[in-house]
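You will see subunit A twice below: alongside subunit B first, and alongside subunit C after that.
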Partner chain A sequence: MSILVIAEAAGAGFRPSTFELLSHARALGEPASVILVGDDAANKEQLDGLAAKVVTVAGANLSPYSADSWVDVLAQAIQAEGADVVLFSEGQRTRDLLPRIAARLGLSAVTAGMGLTKDGGSYVVHRPAQGGKAYMDLVVEGGSALIAFRPNSFATDAAPVDGTAYEEKTIDAAANRTPVVEQVAEEGKKIDVTEAAVVICGGRGMKSEENLALLEELADILGGAWGVTRALVDAGWKGADHSIQVGKSGKTVSPGLYFACGISGATHHIMGMDTSKVVVAINTDPDALMFEYADYGITGDALQVIPEIVKEVRAVKG
Partner chain B sequence: MKVAVLTKEVPDLEAQVRVAAGGASLDIEKQRVLNFFDEIAVEAALQLKESAEAEAYAVTAGAGTGIDALRRALAMGIPGAFHVDDPELADANPLTVARALAAFLEKEGFDLIIAGKQATDDEAGLIGPMVAEILGIPCVVGITGLEASGSSVTVTRLTDAGTEKYEVPLPALVTAEKGLFEPRVPAVTGVMKAMRAKIDKYSLADLGVEAAPPFKVLGYQPPAKRAAVKMITGEPAEVAAELVQLLRDEAKAL
Partner chain C sequence: MTLNIVVCIKQVINPDYFEGLTLDPETGSIIRDNVPSILNPVDENALEEALRVKDGFEDTTITAISMGPPQAEEILQWALALGSDQAVLLCDRAFAGADSLATAFTLAEAIRKLGTVDLILCGNEAADGATQQVGPQIAELLGIPHATYVTSMHLDNDGSVAIRRSIEYGHLQMTCRTPMLVGVLGEINEPRQVTADGLISAMDKEIITWDAGGLGVNAEQVGLKASPTWVEGSYEKRIVRASLMLEGTPAEMVRAAVLTLRNEGLL
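Our next item is the complex of A and B:
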């Protein structure tokens, strides 16, 4: 049995979910091989002891990132490496690449994975069914399959391995066919809501766009990210971008801690957050549906309660 | 320009879902609709039909299902629809669905194929880019802007770092993200026309596609039930203090 992990760089290291996948492979007793493409290899030493082997791939057309070139290089590298399962982290890049690599190599593909276990000679993937109204266990039999996992699906504390082998490869990738003609960078984009360990989400009960700063303040002090309901995106509140909308037609998050501030608890919102581990709801209406999906509930005005929570966390954290 | 929209029929977002037969199957309320993101894709095709005189078609693959999705696309104003209908498409491996759609699209020949970002039932986001890869054409996933310009389209998407615009030579496939267009509501005349429309059918054999082995499902479970909510009451400062203490000591979430 063998596991291959496609690592993804972020900032001066890797996405947290890369460490989750590597840790889970060790927990299954099958320390992974890792593929690192192009500039993603810059901080490869951070994977020391976390993987059995690290394969770095350099070559033409890899930087800057383009889907065409990366599909080509990863398809070649995955085929050369071979594995029973190839694990990706859910995210924009994986959405570009995984389906195309699967189609090119004729491999099965599963996305939105939340758990991976072994059952005899097969791997079993736990994932939502019917938009999270149920869950299912899918058997990935024989051959290889490409599987993407949602961030925050696995712990990162499995024991390290002794010694990691390093291998360098050169693969020239196919040229990109869809050139970027314009790029607008947004300043100060912080932690991605899907990746964050803590998500502070606000709804119409936040009353006005100025008050969204309260969400950000609490998120900052807890080292998390903030998000909004669709109601705020549709209302065009400043800062309430679709990229941080939590729910059916936005992002699916499953952080360790989720705050629903002034959110009624509509099904379409719940579908995007119900796998969060601990949920806190703050709502003026004691009968708000949101309380049914929460572990801790506060009946009160979010605009008054959030600043007090910020103060309290500050006091506790010193 | 000849445009095809990949339309999937899915259970309504409000449909009740129950785990049945001791976890062996799902019992899904039979209210079926055109996938949320595919309605946006249909609207995009209609915009191209109206602004760039594109020909527009809808195509769906299903095992006896999919007609309602096609009729919705027709009612919105898509002139022609095709149905790949085969029993082997029930709970099929996504590779099978993608191969079937790609075989059909190849046969008919299209300049631009528009799929949804993902289906609201399986939330997979696989079929669009898989079809593109099988056809060997460029693909941009999750677009929020689309403009036709002769032999190419210019598309916009939101990335983790901001916004990017790409020039995409045709033929190509794009997938529609929320925000691309607001789908129109069909007019009554459209609905009547859709009811009368003739929809051509193809089987996997007609398209020369062999089904890939489907996944085996070990079982289904209902969503994990949360313990009853613990309500915290008092003045803002009091509830904040109690919450933080509970999050730290009881939930171990801080």
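Our next item is the complex of A and C:
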């Protein structure tokens, strides 16, 4: 049995989800091998004690990221490692790479994973199915699948391992037919709403764009990210960008804690957040559909309730 | 410049009806009876992008292609009325039950059969399956590059394609070349409406139907038979939430909520 993790760098380290996958592999008693491609290897020492082996892959056309060359190099590296399961973090880059690598290697591509257990010689992936109407447990035979997991799926506290082996490889991609000529970081896209452990989301009940600052304030003191519903994006509110839209046609989030502020609970919104662990809904209408998808409901005006939460959290956190 | 564009489109259950859907307790699959179907929303943007290329390059042929049951002809009619030149329906019981790779294989074989293709456009994801896998897999099977999450695209006279794609922290600007596959996001454009003239001209256009035989593939290569057996997972119902309504003044409710969340280790 062996687990391979494809790490993904972010900022001065890695995406939190990378640490989750490595921790879960240790918790399963199978400390992972991890592959770092191109610039992702810059902070490899942060993985010391978290993985059994760190394989860094250098080569032509790997920096900056390009789907064409990365698919080629990752497919070769994955084949060389020959693991039972290959784990990715859900995200736009994974969605760009994973299906194509799977097609090249003749493997199954499994997305939206939320749990992973061992069952004898197989692995079982827990994931939402049928547009979030149900959950399914997929049995994955060794060596058959690439699996992407949603952020916030696993704890990160499994005990470290003694000694991480390091290996360096050079693999040149056959070609790079999708060269990136410019990378642009956009304001407001810093903390990704899909990655945050706490998400504060606002809907029509926020009443006007000036009030979105309330979401940001609560997100800031909870160390989370804030988002909006499609209605606010469609209405063109300043700050209500598509990049933070939670729902079917926007981002799918799965945080530990989700605040739905002034959100009615339309299906397209629910489908973007219904795997959140704990949901708190705030709405003036006690019959709002959103309360059916909440663990805790607060009947009230989000514009008054959010400042109360901010005050209370400040009080208890000191 | 002569251009051949293929647009892959899909008929999906109208997302507005997702809430009322029920699952077959045996198979876990959606019971689709009496649920209205529509063209997958973002596929409209893929069609629009193809039409805009044709607006700029007169000698462009647009082929809309869909794999699905006979009623998927409806969305192909729509594509023809919008201005596509021809349409292909891939329809065979053998295609049913396909996972993303088997779907991509079937579509890729059809695109091969159409001959030279410069540009393949598709929606970044389908409103139902939402795997976002079929586009990149078609590109892989045809050996051409792909770009996903595309928010802007400009094709030049010399076959170079300037692509802007969304990424978590911002966007990437890429310079690619035809032939390639592009998966578009809804924000790439505002789709045009069908006109009366469009509807009339669509009557003279043909929808070609290919079954497995017509496509030259055998039944083992497509549909359920070509899809891994593990799709038959065990199903359970969705999480049932407590829906505990807190009581009191806003301050009291908030105090209770914060206390509870702290006790659960969430704050």
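The criterion applied here is as follows: the second predicted complex is superposed on the first by the 308 of 318 C-alpha atoms of A that agree within 3 Å, B and C clash if a C-alpha of one lies under 4 Å from a C-alpha of the other, contacts with A are read in each partner's own complex, and residues count from 1 in each chain.
Definition applied: contacts are C-beta pairs under 8 Å (C-beta built on N, C-alpha and C of every residue); 3 or more make two chains touch, one makes a residue touch a chain.
All figures in this text were calculated on a predicted structure; none of them were measured in a lab.
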| item | value |
| --- | --- |
| Side-by-side fit of subunit B and subunit C on subunit A, or clash | clash |
| First (subunit B), second (subunit C), both or neither touched by A:L74 | neither |
| Which of subunit B and subunit C A:F291 touches, first, second, both or neither | both |
| First, second, both or neither for A:D274, with subunit B first and subunit C second | both |
| Which of subunit B and subunit C A:D119 touches, first, second, both or neither | first |
| Touched partner set for A:Q304, first subunit B, second subunit C, both or neither | both |
| Footprint overlap on subunit A, comparing subunit B with subunit C | 67-68, 71, 91-92, 95-96, 98-100, 102-104, 108-109, 111, 129-141, 177-186, 189, 192, 222, 242-243, 248-249, 256-257, 267-268, 274, 277-280, 291-301, 304-305, 308-309, 311-313, 316 |
| Touching residues (chain side subunit B, partner subunit A) in the complex | 11, 13-15, 17, 19, 26, 28, 36, 93-95, 98, 120-134, 138-142, 154, 158-169, 172, 178-179, 212-213, 215-223, 226-227, 229-233, 236-237, 239-241, 243-244, 246-248, 251, 253-254 |
| Subunit A residues touching subunit C - in the complex, by the definition given at the top | 10, 64-68, 71, 91-93, 95-96, 98-100, 102-104, 108-109, 111, 129-141, 144, 177-186, 189-190, 192, 194-195, 198, 222, 242-243, 248-249, 256-257, 267-268, 270-271, 274-275, 277-280, 286, 291-301, 304-305, 308-309, 311-313, 316-317 |
| Subunit A to subunit B touching residues, read off their complex | 67-68, 71, 91-92, 95-96, 98-100, 102-104, 106, 108-112, 119, 124, 128-141, 177-186, 189, 192, 222, 241-243, 248-250, 252, 256-257, 267-268, 274, 277-281, 291-301, 304-305, 307-309, 311-313, 316 |
| Of subunit C, residues touching subunit A in the complex | 15-16, 18-19, 21, 23, 28-30, 41-42, 99-101, 104, 127-128, 130-137, 139-141, 144-149, 163, 166-177, 180, 186-187, 228, 230-231, 233-239, 241-246, 250-251, 253-255, 257-262, 264, 266-267 |
